[in-house]
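Below you'll find a set of structures to go through.
In the two complexes that follow, chain A is the common piece, with chain B as its partner first and chain C second.
Right, the complex of A and B next:
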């Protein structure tokens, strides 16, 4: 009995020693080895108009961590659920200058700059400089969605039709896909928010 | 007296069963069912929207190297079916009432959505067939 405090302390320190901090998030998508270097799948350069009518491109997310999704303002089913979940993400990380949300509209005919601004206003994020609603030209939707959802397609049996799946993609400061989740499920978005924190920490200078 | 009570009770149950709902004779179950069916069809059609976009991209590449009227035609068919889907969504609004007008509206919308889905399915399979032939 007299050894009890000693044993308790020993157990406690062993626990602390064994408890592992979560490792870095994996880099998703196909990679290739070129001259001994691993080249990871990366989101290509892009340039779309945002809800302010301003060009938004790869320089706008330079060295930022961001979440990307595909939606359209007239969608009556999954998009409102996704928007509610992204509002939670915005509420938690919207103040962080190193973080962005990029919502790509797949309906350029109706989702004009004005329509996107109206939609943002309705969500209460009309003045946000963190959340950008992008109008993607019709002939560019397939290519850009394919690049973002490459990781999802690799990891699941996702059907060919990829623009209406409800996924959120987590992209790091080097435009590499680090995680994704079903944006209609609050518990999955909870997990993604923890991963956003991890990525933001990863990005901080050591 | 007992028989009268039983008869009265029976009539009450029959009347309750035949009485129209508070929605002017409209079954809310039917309304909900129609709405659910419509939204499910919308979602499955939107999944194919992505498939059509991908095929359009592939057709554009083929047209560049081997321009042909049949390729142009099926490309336009895919494009129109996708446009029809987006136009439908821009026009559609969820009914706010639960009456016969709402029921008729949902029935019309479901029938319209079925036409759009059918046109899209036919354009997709037509495109796949032509592309396979041209390989």
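Right, the complex of A and C next:
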């Protein structure tokens, strides 16, 4: 009985610990200090065509939270598993006007806007205003992938011609990378979806 | 002592047999290595992008099924694409198709390497 206050305090602190909300997600990528201000890595301005043949650029994601990935429609390795997981993300957040998914195709020769529309239709998201399939010109692929810290390269030894990572990158409303996960693993995507909710809850710029 | 040794030997053989039973078949191993990425573990594919295996293919369209694996699909009109797997030998192809049969069309007849060899001649 003499331990009662100690046990009560312990239970109380454990309860507080459980209730404590997780801190903000880190800001990833290299940052630098300029005139005393920290400048964080940011996705630069871009402009590509989406599956509707419409220009899609930095203004399209202004103040949005989005998930980005790199793929190509003929990819016979990791892309279908990535698409399967992005469908889960779309199912959960597709209705949210503050959220987008940007899937960058790295095969501009085959993945025309028409081919991307067919691909989206087959996934059942042909009419989505949330999920945009972007055709990236060949000479811009490496640069934009690098800005997302994603590894993408041509590989003539492979029949499909490309290698790329299966990561999903989570970008905040200031175009900063806040998290990433292996887009082929359901448990990692579960975690990313929790982080998407966190970012959507973060105060947005006025 | 001798009896104990023979009991131990019997136990060892039984355990080895059980371990053997749990090892995936060659067809399953091939499926996981070459087909699973797109067709998924259950063979149900992904929405309309990768259609589920249809049991009819294992009953009545067997030659077409074999040729699809050998030649692949590259249809710009529909946007369907599948790499060709013409490097699989007849026995491997029979094994992997029999594994898919076990998932989707168990009652259909088993593929043999002779059937694959014969169908392969006409694939074009």
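Simple rule for what comes next: the second predicted complex is superposed on the first by the 171 of 206 C-alpha atoms of A that agree within 3 Å, B and C clash if a C-alpha of one lies under 4 Å from a C-alpha of the other, contacts with A are read in each partner's own complex, and residues count from 1 in each chain.
The rule is short, and it goes like this: a contact is a pair of C-beta atoms (placed from the backbone, for glycine too) under 8 Å apart; a residue touches a chain by one contact, two chains touch by 3 or more.
Here the structure is a predicted model, which is why all the values come from computation and not from measurement.
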| item | value |
| --- | --- |
| Partner chain in contact with A:84 - chain B first, chain C second, else both or neither | second |
| Which of chain B and chain C A:141 touches, first, second, both or neither | first |
| Which superposed partner A:74 touches (first chain B, second chain C, both, neither) | both |
| Which superposed partner A:27 touches (first chain B, second chain C, both, neither) | neither |
| Which of chain B and chain C A:109 touches, first, second, both or neither | first |
| First (chain B), second (chain C), both or neither touched by A:123 | second |
| Residue contacts with chain A in the superposition, chain B compared against chain C | B |
| Contacts on chain A seen with chain B and repeated with chain C across the two complexes | 74, 76-78, 159-160 |
| Chain A - residues contacting chain C, complex | 73-74, 76-78, 80-81, 83-84, 87, 115, 118-119, 121-124, 159-160 |
| Residue ranges of chain B touching chain A (in the complex, touch as defined) | 39, 42-43, 46-51, 53-54, 56-57, 60, 83, 86-87, 89-90, 92, 94 |
| List of chain A residues in touch with chain B within their complex | 72, 74-78, 106-107, 109-110, 138-139, 141-143, 145-146, 159-165 |
| Of all residues in chain C, those that touch chain A in their complex | 37-38, 40, 46-50, 76, 78-79, 81-83 |
